[in-house]
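Below are two complexes that have subunit A in common, paired first with subunit B and then with subunit C.
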Partner chain A sequence: MTDSKASPRDLRIGVYICHCGGNISDVVDCPKVVEAAAGFDDVVVSREHSFMCSDPAQEMIIEDIRKQGLNRVVIASCSPSLHELTFRRTVERGGLNPFLYEHANIREQVSWVHGSRPEEATAKAIRLVRAAVGKVRLLTAEERIGVEVLKRALVVGGGLAGLRAAKSLADQGIEVTLVEASPFLGGHTAQLEHLFPHADQARELMAPLLRGVADSSRIEVLTRAKVVGVEGYFGNFQVELEVQPRHIRGPLPADKLAQITEACPKSAPSEFDYGLRERKAIYMPYPGCVPEVPAVDMQSCSRCGKCEEILGADAVDFDEQARRVKVDAGCVLMATGFKPYEPYKGELGYGELEGVVTLAQFIRILGALPKDAGELEVGGRKIQSVALIHCVGSREIDGVHDPSPHRPLRTYCSRVCCSASLHAASEIRERFPGVNVFELYRDIRSYGFYEEVFERASRNRVVFLKYSDYEIPVVKAGNGEAALSVVVNDQLTGGKAVDVPVDLVVLASAMEPGDAGEIVGLMKLPIGSDGFLLEVHPKLRPVELAVEGVMVAGTAQAPMSTDETSAAACAAAAKAARILTRDEIPLDPFVARVDLSRCQGEGLCVAQCGYDGALQLEEIEQDGEKVKRASVNAVLCKGCGACVAVCPHRAIDIVGCTLDQLYRQVDGLCA
Partner chain B sequence: MPDLVPFLEVPDLLVETGGDGLNLCFGCGTCTGLCPWNLVRSFNVRLLIRTAQLGLEPEDTADVWRCATCGYCVANCPREVPIIDVMRSMRAMTGESGSHPQTIRAMLASQGQNGNPWAGEAEARNGWACELEMPESGQADDWMFYACCTQCYDPETRRSAVAQVRVLRAGGVKMWISPLESVCCGCSVRETGSVELTERMGRSNVDRFKKSGARRILTASPHCYNAFIKDYPAWGGEYEVRHYTQVMHELLQSGQLVPKREVKRTVTYHDPCYLGRHNGIYDEPRACIRAVPGVELVEMPRNREESLCCQGGGGQIFMDAPADERFAKLRVQEALDAGAEVLLTACPYCNSMFRDSIKILDAEDRLKVMDIAELVWESLA
Partner chain C sequence: MSAASTPETRILLITTADSSYPGADTVGQMHLGYPTNSSVIRVPDPVMLPERFYLYCFKKGFDGIVVMSSGAECPYEGSYERLAKRLDRLTGVLKEQGIDFRRVKLCAICTVCAASFVREVNQMAQLLDEIGPVDRDAVVLEEEPAARAG
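On to the complex of A and B.
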C-alpha cells in the first residue's frame, strides 16, 4: 500500500456525507456538514451524495482517492453494521488500505432520533464527523488476520435439518461428522405421516435423504453421541464426543430382527409413538430406519440373553462401554431441533380424560390405522367427532395461562400447528367423511402458501370455532352421547358458550426448544428469551450464531415447518461451505496488540481477559534474557478492551481503537 | 342460559340442498356491513350464516325470510360464500315445517293455483296485451315475448310491458306473446325455498314453450331472464334469452330505432339487482337512455355494482315491509337528491316498489317512475 507510511504531516482526508435519500437530509442540513468538514485539518475533499452506498457514489470516492491522492476516508451515513464493510471495500478498490477508513453514524444516532430538532441534529452530525476525522488521522494500515480452516463440519443433530445440512455439505465435497443423541436418525420428521401442504409421506421423503447420509463416504454418523468438550476457535475446533454403546453389531437380516423382537421379554413406552404403545428393550422404531441396527435400551433390558441366543455372542455385547471420540472441525452446525410440548396433567383434560391426545400422538394414531380403515378408531373406541384445539402451550398470556408450577410462559407462536391441525382435519374428513371435525382456534395462521391448507379444510366442511385470547376452552367428560365435551365461548357466535360433544380431543401443542446439550454452555452459544438458539441478525446474518464458525439449522432456531427446516439447513450448509472451502479465513484485525517495549509481564491483563486462551503470558527472549510477556491469540481475542483498561504501562491496545485514537475522537466530540 | 350445542345435521342438509360453500365463511361480517337491511333495521347476515354452520336456531326466525337476494354481499364476499343459496336452503328447510310467513304462504298458494304470485286469474294473464294484437305463434327465428306476472296483473306496471312491445316492434322485432297457459317463471318461488313447486312450474313452462315453438325468448323482467338462463336448462329448456334492454340497445345501435322527439327531462337510472349484479348488464340500459334526445342522465351515488336494492327480490315484494323499513324509500330519496324528475328502471318489481315509496314520501309531483321503454317510446311516438 502506497499510503501505509503516511504520517500526520502529509494527511489527505476525504469526507463524504450521505443523505440516505432523505432519511438523513430531511433532518440534517447536509451542505452545512459538508462545509464544516471541509474546514477540518487536512480535509482535502468534502462531498455529499443522496446515496453514498450507490455505485456512482462509490465510483466518486474511488476517483477521489486516485486523483486527489486521499489517504484517509471518513463516511458519515447509516449504522456501520449496515455499510461499514461496503465502504471499506470501496476504499480498498481505490487502492487504499481498508482500515484507513472511519465511519460516522448520522442516521440512527442523529436524524432518526432528533427529527424534531434539526438545528441541533446538524450540530451533532458535525461533531460526530469531527470526531471521526480526529480518529482517522491516527489510523494505521492493517492486514486482516488469517485463520487456517479445518475442512470438516460437525453437525449436531440427526433430524431433518442435520441430515439435510450434512448431505448438502458432503455433496460439496466437505467431510462431515454427524452426531445424533438418540439411537436413530430422522428426528421428529420421521414420526410424522402426511406432511402439509401436499400430503407427502414423511418417511418416504426422508428415505433417500437417510440413505444418502448413511451411504456417503464423506459423512461419519455417530448415534447415541453427544458433545462433551469443545476447544479451539473459528475454523479450528477440537470437539470431544461421548458415544454410548449400541450393544448390538449389525446389520441384521430381517428375519433375525423379527425373532429377537419377538423373543425379548422386556418392554418400555415407545418414543417413536409418543408413549402410545410399547416397544421391546431391543428395538428399531420403524422398518427402514437408519442405522439399520437395533438398539438396546439397557434401562429396561434384563440381560436375559434371548437375543444373544438368536444372534450369536459376536453380535451382542452387553458390556460394551461408552467411548470418547475427538473430532477436529472448522465449523459447527447446530441442528438440535425442537421438542413437542407435552401438556401438563389436567391441561385441557390431558392425562386425565380418556380421548385427549396431542397432535403428535394423533398423527401416530392416524399412521397406525390400516390404509383402508373404514372407521376412525382410537383405543378401541369408534370416533364420530373430533375437536382440534389450537395454540396449546403457544402464544401464552400472563394472567391467562398459569406459568407456575408447570413451566415458564411460552409467548411465541409455534407456527406449524395451525397448518398441521388443518391438514389433519382434512385428512379425517377425507378418509372418514362421517366424522365431524371442529377446529377451536384463536387465529388461523396458515401463513403464505399454506393458505391452501385452510382452504381445503374449509371445503372439507371442518367447523371452526374461535376462542378469545382470554377464554381458554374447557374440556370435560361428556354427558351420555359423546365421551367428551368441549365448551368454548365462540367469538363467531357472539361469544356465546357452545358445547361441542366429541369423542376425541386433539391438542395442537407447541414446539419447544430441543435439548441442545452441553455444547451450548461449552461454546457459550446465545439462547433467546424463548429458549431457542439465537441467530445474529435475521436479515444481515441469517442462520449464523454470534460465536463465529457456528451455524444454526432448522427448529433449533425457531418453530419451522419441514419445508422451512430444509431451506434453513441448506442455508446453514451454504454458510458453512463458504468457510470450509477456503484454506484461510480473513478476520478483521480489531484485536488486542501488545507493545513489547512497554510490557512488563505482570499479567494483569491476562487475569482480566474473559475469553479463554485469547491472552496469556508467554516466555520470550528479550535482550538476551528470558522474560514473560503478554501474548494475544488473534483468533480468540474479541477486542473487548478489558486488558487495555487494566494495563499500568499502556502496553496493550486494541487495533483500530487505540487509546490515542479514542482521545482524538473525544477531542473531536468536545471541541 | 344453557350452552348451545351444534347440530350438524342441519348444515349437512343445507349443503345438500344447494348451500355448498356454507363452511367457507370465516365470519368477517362484510355481508352484514353491506346488507341494505342495516340501513333500515338490524339484520346480522353473518350471524345467520354462523347459526347455519352450527345448525343452531336463529335468534329471530323472521331473519330467515329477510334476504332480498340482491347479491351485494355475495359480490363482495372475500370467501365467495354463496350466501343467497344458503338463505334459500334455510328457507326450504324452514318452509318444510310449514312455517312460512303468512304473505309468502299466500303467494305460494297463488303460484300453485293460478300460476302467478298475485292471485290473478290464469285466463287473464295476457289481458295486458289486448290493445297490441300480438300473434300467438310465429316463425322459428321470431322472439317469444314473456311479460312478468307483475306486469300482467298490476294495472300500473302493465304500461311498461305495452311500451316494451311497442318500442321493439317499431324497431322491426318480430314476436309473439307467450302462451296463455304459461305460468310465472318461478323466481319468487325459488327464492323463497319451494324447490319442488319451482321445478313443477318450470317444467310446465318448458312444455308450453315447446308447444308454442319458442327458441328465442325476450323477457321484460330481469328475474325471468335470470330464471330462464340459469334454471331452465336443467329441465330441458334451452333458449336464446334476452332482456328487452339488450335488444333495444342493438336496435338503437344499428339505427333500426331512431328516437327523434326531444324529451327534456332529468332522469336517473336504477340498476335492478338481477340485471346488474346478477347478470352484469349495466351499459345497455344506460346507452338506451342516452339515445333519447334532450334527456339528461344523472347518476345516483350508489350505481352499477353498488346499486341499492329496491327490496323487491327474494319474495320481499310480497312481504309488505313497514313503511320505515323500505329500501325503495331510501332509493327514491336518492333519486330526488340527485335532482332527477324521472326514476328509470328496467324491472317490474323495482317499478312497483318505487311507485309505492313515492306515494309514501308524497313525492308524486316531484318524481315519476318509468320503465326505460316508456321513455324511449315517448321519443318515438
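On to the complex of A and C.
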C-alpha cells in the first residue's frame, strides 16, 4: 500500500489492481501498475489483490473507504460487464455512493489481448488506470431512478423452459403472458419419448405441467404469436404481439376430431415427426397436446370445407385474420429454445443414402413402434445393426469440417447428445436384443450422474468405436452384407480401419440456437459467438441478460438436458419474481441532465432527441424572469447523448459519462 | 494476427456500451491480439461526441480514431444517421485543418464481431504506419466553456 497526501480539493482516491488469479498478473506487472497509480493526483491508496472480487478483497476496499476516508474508488480488473455491479455494491457497503467508482478493464483489453508483449501491456494498463483516475475525479454522487413495476411477466417460448417458468411465476402469484410461435405448447421436449437417465416418458412427464399452465387463471397463453414491437424499459415494457389465427374454435369432442382428420384431403410433412410422416392440413400433433384445439395450416389447406361440414360454421373460420395484442410487462423471460441441427445433404450420407437419420428422427421412429414390437423396423426394413455417430455438427474444427457453403462452423459441444445416444443405444438393445449397436464417438461426455447412462450402455454390450478429432467416419452404401457401411479408424485399437456393416445410421446432431425472433433485434439482446443468448456471467448472473429486466432460461441460452432446462427455468422465474414482487425498482441514473446555469433555452438539444417527452423546453422562473430551459424526463430519456453533442454551452450531459469526464480519460490515455 | 504495434502513434477505439464494448470483451475472451497502442473508451453512443472531441483527441496524442458504433442496429432512435452526419461534418473540418480524414473511421461492431474488431484496429494501425503521427501543433481547438467542477 502506498499513501500520499490528499489534494486541497479533498479528493481521496483508492486504486485497486486485480491479478485475476494469473489472468492479469501473468502478463501485466501488477506491482508496477500499483506503484504508478500511487503517484497519480489524489490517489491515497493503491493496492493489489489476487482476486479483487473475493470477499476478503472487497472487505479490504470497504475498510479502506472507512479508515482511509476514500471518496472515490477505481478498480482495474476484468470487464465491467462481470463485476461493475459487484464493486458498486462493495463501494456502497463501505458507505460511499455507488456511482463514485470507476472501472478499468485490464483483462479483456490488456492481458488477454497483449499476452506476448508484457511490457507494453503493463504500460497500457497504467494508461487505462490513469484514465480511470482522471474520470473518477469528476464523478458525482448519484441516486438511482425509482420506477413503478408492472406486475406481469412476458414469457417468450412455450417449450419446457417457458412452461416451467410460467407455472413457477404463476404459483408465486404473478400474472404471466406466455407466447408461443407454433400452434401448440410443449416444444421439442414433447417430441421426445423416453428421457435419460430414468426413461420417463416425456409427454407423460409434461402432462401435469401443460395442464397446470392451461388451467392457471394467472397465465394467458397465446399460441401462433410472436413479438413484433417492444417499447419501454426495465419494469415497464410495452410489448406488441402478432397472433396468427387458428381458424378453429374448440375444444372438440374426440370423435369430431377423428372425423375431420379423416375427412381432410390435404396433407403436409409433420413437424412433430421431423418430416418422417405426413399430417393433415387440420391437425393436432399428438393426443393430449395443449391447446386441445386443432390448428389449420392454411398453406396446405384447400378450403374444401369438409371440416366445416362436420363441425359447423361456428367452429371454423377460414377468414379469421391475424390480430395485434399489446402486453405490458415488468420483465421478459426468453425461453425460445433450440432447433435440432439437420445435416446438409451428403453429410455422413444424410439425405442421400436410405437409412441415415438424425437422432431426433430416430426417437420419433422408436416412439411410433408398438410397445410390444418384436423387431426394429424402419421404412419397412428390418434393422439388425445400428451405428450411432456422435458429434455431428458439434465441436467442429476449422480445417476438418467445412464451414461453407452450408453453414458456419459450430465449435461448441451440444452436451446432451452423448447421453441421448447412449440412452437410445440401450433402449435398442433392451427392446430388440438381437440388434447390434455401435457407438462411434470422439469423447464420451455423459457428464455427472449421466455416467450411469454410459455404464448401462456398456452393460448392454453396445460396441464402442472411437474416432479422432481429425478423421471423421465415412458412411457409404453397403456391399451387400448390409444396406450401409461405416468406415472408422478406431482409436481404441490403435487407429485400425474398421468397416462396420449396418442397416441404420443415426446421427447425433447438434443443438442449434432456436429462432428467437424479432425480439432479439428489438431489445438488442446479446448473442454469444455460438449464436445462443448470452448471459451476463455464467456463474454470477447465469439467467440474466445484459438488457435489464430480461431473463433467459433453457436451451435458448445453451444446449441443456431437460432437467437442466427445468432448473434454469426455475432460476429465471425466481429472478423475475424478485423484480415483479417489488412496487418500485431502481434504474441506473445514466440519463441526460441539464445544467440550468448554462442552458440558454435555444432548444438545439430538443431537436436532436428521438424520444417523445424525454427532453423538452419548459418555462421556469430564473432570477425573477420567466425563461425557457431544457428539461429531461429521466424515465423516458434513454441516455444516448444525442443532445450532448449539439449544445454550444455545454449545458447538457449524460450522468456518469460527461464530456468533461471523457476529456479527462483522453488526457489519462495520452499522458 | 495483429499488425505490428506502432508505439509512436496511438489509436482510440470509441465503443458503445451495448455493442462494441462487449465486442471488445469477446475479442479478449478469444485471446485475439491487436496493437498495444490502442485504447478503448466506452460511451452510450458515439453520437454524444461533438466534432471538438475528435480534434481534442488528436491534439492530446491520438493519431487514429475508430468509431465502433452499433451501425444500423443501433438501439437509439435515429442515432446512427446523426452520427454519420456528424462524422461527415468532421471530415470537412479535418480537411480544413490539413488532417488526413482517414484518421477517423466509422464502422459497425456488434457484441460478437471479434474478427471485424481486430481487423478495424489492424487496418488503422497499418494506415498510421503509412501516414505517421498527427502534427499536433496544426490542430486548432476552439475554446469551450470551463469544465464543471467534479
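To be clear about the criterion, the second predicted complex is superposed on the first by the 452 of 671 C-alpha atoms of A that agree within 3 Å, B and C clash if a C-alpha of one lies under 4 Å from a C-alpha of the other, contacts with A are read in each partner's own complex, and residues count from 1 in each chain.
One rule holds for everything that comes next: contacts are C-beta pairs under 8 Å (C-beta built on N, C-alpha and C of every residue); 3 or more make two chains touch, one makes a residue touch a chain.
Predicted, not measured: the structure shown is a model, and the values here were computed from it.
*Asks:* Quick check on the superposed pair: does A:120 touch subunit B, subunit C, both, or neither? Answer first, second, both or neither.
*Replies:* second
*Asks:* Any idea whether subunit B or subunit C touches more of subunit A?
*Replies:* It is C that touches the greater number of subunit A residues.
*Asks:* On the A-aligned overlay, A:51 touches which partner chain: subunit B = first, subunit C = second, or both, or neither?
*Replies:* Touch status of A:51: no partner.
*Asks:* Where does A:492 make contact in the superposed view: on subunit B (first), on subunit C (second), on both, or on neither?
*Replies:* It touches subunit B, and subunit C stays clear.
*Asks:* Looking at the overlay, what does A:436 touch: subunit B (first), subunit C (second), both, or neither?
*Replies:* first
*Asks:* Just subunit B (first), just subunit C (second), both, or neither: which does A:662 touch?
*Replies:* Touch partner of A:662: subunit C, not subunit B.
*Asks:* For A:458, is the partner it touches subunit B (first), subunit C (second), both, or none of the two (neither)?
*Replies:* first
*Asks:* Going by the contact rule set out at the top, does A:500 touch subunit B (first), subunit C (second), both, or neither?
*Replies:* So A:500 only meets subunit B here.
*Asks:* Just checking: does A:466 make contact with subunit B only, subunit C only, both, or neither of them? Give me first, second, both or neither.
*Replies:* Touch partner of A:466: subunit B, not subunit C.
*Asks:* Touching A:107 in the superposition: subunit B (first), subunit C (second), both, neither?
*Replies:* second
*Asks:* Once the two structures are fitted together, what part of subunit A is touched by subunit B and by subunit C alike?
*Replies:* none
*Asks:* Quick one: in the complex, what on subunit A touches subunit B?
*Replies:* Of all residues in subunit A, those touching subunit B are 436, 438, 444, 458-464, 466, 487, 490-494, 496-501.
*Asks:* Write out the stretch or stretches of subunit A touching subunit C in their complex.
*Replies:* 11, 79-81, 105, 107-109, 112-117, 120-121, 123-124, 127-128, 131, 137-140, 521, 524, 526-529, 534, 546, 590, 595, 598, 608, 610-611, 638-642, 644-646, 649-650, 654, 657-660, 662-663, 665-667, 669-670
*Asks:* Inside the complex, what are the residues of subunit C that reach subunit A?
*Replies:* 5, 7, 10, 12, 18-19, 21-22, 24-34, 36-37, 39-45, 47-50, 53, 56-57, 60-62, 70, 73, 75-79, 82, 86, 111-112, 114, 144-145, 147-148, 150
*Asks:* Where on subunit B does subunit A make contact in their complex?
*Replies:* It comes out as residues 1, 3-6, 8, 11, 15, 22-24, 26-27, 47, 50-51, 53-54, 56, 79.
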